[in-house]
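Have a look at the structure below before the remarks.
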Amino acid sequence: MSGTYSYARNAWYVAGWVSDLTVGKPMAMSILGIDLAIWLADDDVVAFEDRCPHRLAPLSLGRCEGRSLRCMYHGMLFDTDGVCVEVPGQEQPPRAKVRTFPVVARSGWVWVWMGEPALADAALVPEVFGPDDPDWMLGSGQLDYAAEARLINENLLDLSHVSFVHQSSIKGGPAFSEALPKWEKLPRGLRYSRWMTNVTQVSGGETRNLADAGPVDEFLTYDFLIPGILVMYTGVFPQGTALEFGHRAPDRSRAIGGVSVSSQAVTPMRERSTRYFFSAGPSRAQGAEAIRQLQVELAQKAFAEDKVMIEAQQRVIDRAGDTRVIPTAHDKPITLFNAMVQRLDGIASNPEAAR
Amino acid sequence: MSGTYSYARNAWYVAGWVSDLTVGKPMAMSILGIDLAIWLADDDVVAFEDRCPHRLAPLSLGRCEGRSLRCMYHGMLFDTDGVCVEVPGQEQPPRAKVRTFPVVARSGWVWVWMGEPALADAALVPEVFGPDDPDWMLGSGQLDYAAEARLINENLLDLSHVSFVHQSSIKGGPAFSEALPKWEKLPRGLRYSRWMTNVTQVSGGETRNLADAGPVDEFLTYDFLIPGILVMYTGVFPQGTALEFGHRAPDRSRAIGGVSVSSQAVTPMRERSTRYFFSAGPSRAQGAEAIRQLQVELAQKAFAEDKVMIEAQQRVIDRAGDTRVIPTAHDKPITLFNAMVQRLDGIASNPEAAR
Amino acid sequence: MSGTYSYARNAWYVAGWVSDLTVGKPMAMSILGIDLAIWLADDDVVAFEDRCPHRLAPLSLGRCEGRSLRCMYHGMLFDTDGVCVEVPGQEQPPRAKVRTFPVVARSGWVWVWMGEPALADAALVPEVFGPDDPDWMLGSGQLDYAAEARLINENLLDLSHVSFVHQSSIKGGPAFSEALPKWEKLPRGLRYSRWMTNVTQVSGGETRNLADAGPVDEFLTYDFLIPGILVMYTGVFPQGTALEFGHRAPDRSRAIGGVSVSSQAVTPMRERSTRYFFSAGPSRAQGAEAIRQLQVELAQKAFAEDKVMIEAQQRVIDRAGDTRVIPTAHDKPITLFNAMVQRLDGIASNPEAAR
């Protein structure tokens, strides 16, 4: 992908749901402008570039044959390393190889490493809440944006928009924009946290499964990790808890309700095309099936609102000669995160530099 | 907009119908490649460039708050001069300003001046027949062309096409192409006039509300004004009237029927995208509701015929390496008008030169 | 058309079916990026470039008037040589001329010569089986590909894809890919032939109208001619016929059934847009109406399978920085044919060089 913004290559990107992988048939996906055919060789996930070296047919239209993938145009066959092992009609296969990518299935998502293969470290896969998490009742969904991933990342790094874009869905009120949250640096991202004290109406409203209990303190935190992974926790605590913990992270066991989590992944497919994956729901301890459903519906409604705004923003940017912005106090984490992204590939390919 | 043809900047363009302006919500429109958010500050019309200087979200998705407009992405607030007066989450607003455009609501249309603001003169707004005109029963409509405005202007400057494109709708017969009309120069445009004498079938046929009265003289005239405004009058007169007035403009009070007017506006939105606004109908004195309806339907049918031809012409031009044309006798007003357009911005920014 | 591949200009291209030509109304078609208006001047077919020299309106929207074609925008009239003979509203027509192309109606198809007009030789029109052929019961069809013609030509020059793309339609089995066919050079193309011996299931299955008769020998041959014309014959012979004829072309009168032919034409319209025309069916001697229908349906199903693969291949190529391929044994005719195409225009414009 061209453009002035460059995404981190040395990072794990979400390519899709593990449950979307089917036996016999590759899954097509594009990340950072590269087309992929992701397939199951028995129980192993394999990620190929989606082009047969013979005459450039897509391998995602191919057929899995045990631990091999066959191009279904003229029948070239490849092993899991991408090496051509058979061509119909000739004795010896030619020296042909498909490009492969490191891939991991974890927490319900398929993660692909788009950078230097030697640097792919499965320990760098972010810990997220997958749909099968034993502690949480999670629903999930996805949607595509006709916008570049950077704009969605920036949306997630500045929740002041909740007061405006989501005024009638999340109903977070003016708190999200009038006061600044706390931000901390993480090794590969940033951590947001915000207390809202003495509130009688929590954000998310009826999706929070809270009995009416007078004023409470509400805590919201999320990590936003490279390349664009959000892992969120929110819970409601007795009035005074924020003060007791010095407005820092509370002991989560003290929550009295409204506890839920969400994992979200922003995957740049092409220059102005992004796929957004998310899971959300309450804790199994406090939740109910109906609450899970309400939270997924709220997420879908809110993301649809974001999509309208962000795709319109993309059109303005595409038409503008001058795309300079005027940063505000809420924009600091955007500047920090983007600088972190720009530095990452240099650091990753030179581990000494990271110390 | 790029391209070899340049439109007049120092001119009033129609952005839409006054009746499309609603309280609380801006109207989006694009003129000459510039996106606009046009909104009501109490009773005043305000035209902003449709981009928030914060992060380039469109202000047409914003919310009017009295005499201010708020961007609904992160809440920046602007006064009617485009000056940022509030940013949620910080004490002082930054020095941020939205570009504004002179704007006037008149004759049912919203007019925006796209050139040098200091030169905007409301006296230059063309006098047209608006939907609320007390003397005329006007209906209205609009349609978009996937073609550049210049091609539509040229269509309106050469009515010889009526004999061919509109042979089965307007049924103007060969008169429109076989004889040349009379053209006069106006300060900011050209005036067309044509007498058709001793006719038994007037153009527009059954939409003209004429009792069968033997041969008559028909008079048709219109001004075509920069940047692309057409103001038309047509009426039927007793046989001999053309001769009596030396084939010049008649005393309109002598018309015996078939009197109607039309106003039309051609607004270049983007390079190959144009919006066409029109009103049309009979005089209240002679008209009837049914006649108004018939005339609007005829206009819609005829403009749909133009649209097929002009969009096809645009495709030929886009594909052609060589776009030179071969002018005919009917093309003279096109040459005159285009030269007038090319000269206009120089004259306007140097009023001395116009004397 | 740009791009690295260049199509033969000095060749007859199929523009459409003769039956699509209608009196009074031109037919629009594009070949090699040039738009054409093809029309009937009495019984003669005439091919014009589809642009009026006046103001570049398309002549395919025009009206045939006897042996003249009138542009229906402003009425310019042209004779069959493309010379302007009338302009409404002026005495003398201007010196204006439409570009014309040599054109021939033969075997049910309209053929247009896109190269040097002086070199157009009707003897070079390929002999194909048209829908009115007295010996064959032919059905026909057409479809458009969002892909360049070269990819479809290459598909037709390597039938090893039948084993994979058409595994469930034509059911040709592994024979098409496992063994190489025989190829011969022709003056303007290549000839494919293949015997399949001792087969109990012929390709095309139930569309071949064969009583169950034990193992047979099946013969398939086609010429693939510049610019992209395929003329195919297939028949079933008694077991042993292949051996008897030394695996060369048999005496066709010895066929015991399953005899059918097909003509196919690949016409490059624009850079990534191709029209595919085909006729197919059994011999009148052995055929039946139901068999003709089955064969056309099978062709439509198979071409739809090709279309999915080839359009996907085109997308891979468009996105790829590096479009080099890895040729296999089956690809030799592709290399030969493409070299023949590249040499053709040089030879044609210098007939001496061809000796």
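The first chain written gets the first letter, and so on, giving A, B and C; residue counts start at 1 in each chain.
Rule of thumb we're sticking to: a contact is a pair of C-beta atoms (placed from the backbone, for glycine too) under 8 Å apart; a residue touches a chain by one contact, two chains touch by 3 or more.
Not measured: the values here are computed from a predicted model.
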Interface numbering overlap (same over half, different under half) for chain A and chain C: different
Rotation angle superposing chain B onto its copy chain C by C-alpha atoms, nearest 5 degrees: 120
Centre distance in Å when chain A and chain C are each reduced to the mean of their C-alpha atoms: 49
Set of chain A residues in contact with two or more other chains: none
Residue ranges of chain B touching chain C (in the complex, touch as defined): 154, 158, 160-161, 163-165, 174, 177-180, 308-309, 312-313, 315-317, 319-320, 323, 325-326, 328-331
Chain C to chain B touching residues, read off their complex: 33, 35, 50-51, 53-58, 61, 70-76, 87-90, 94, 96
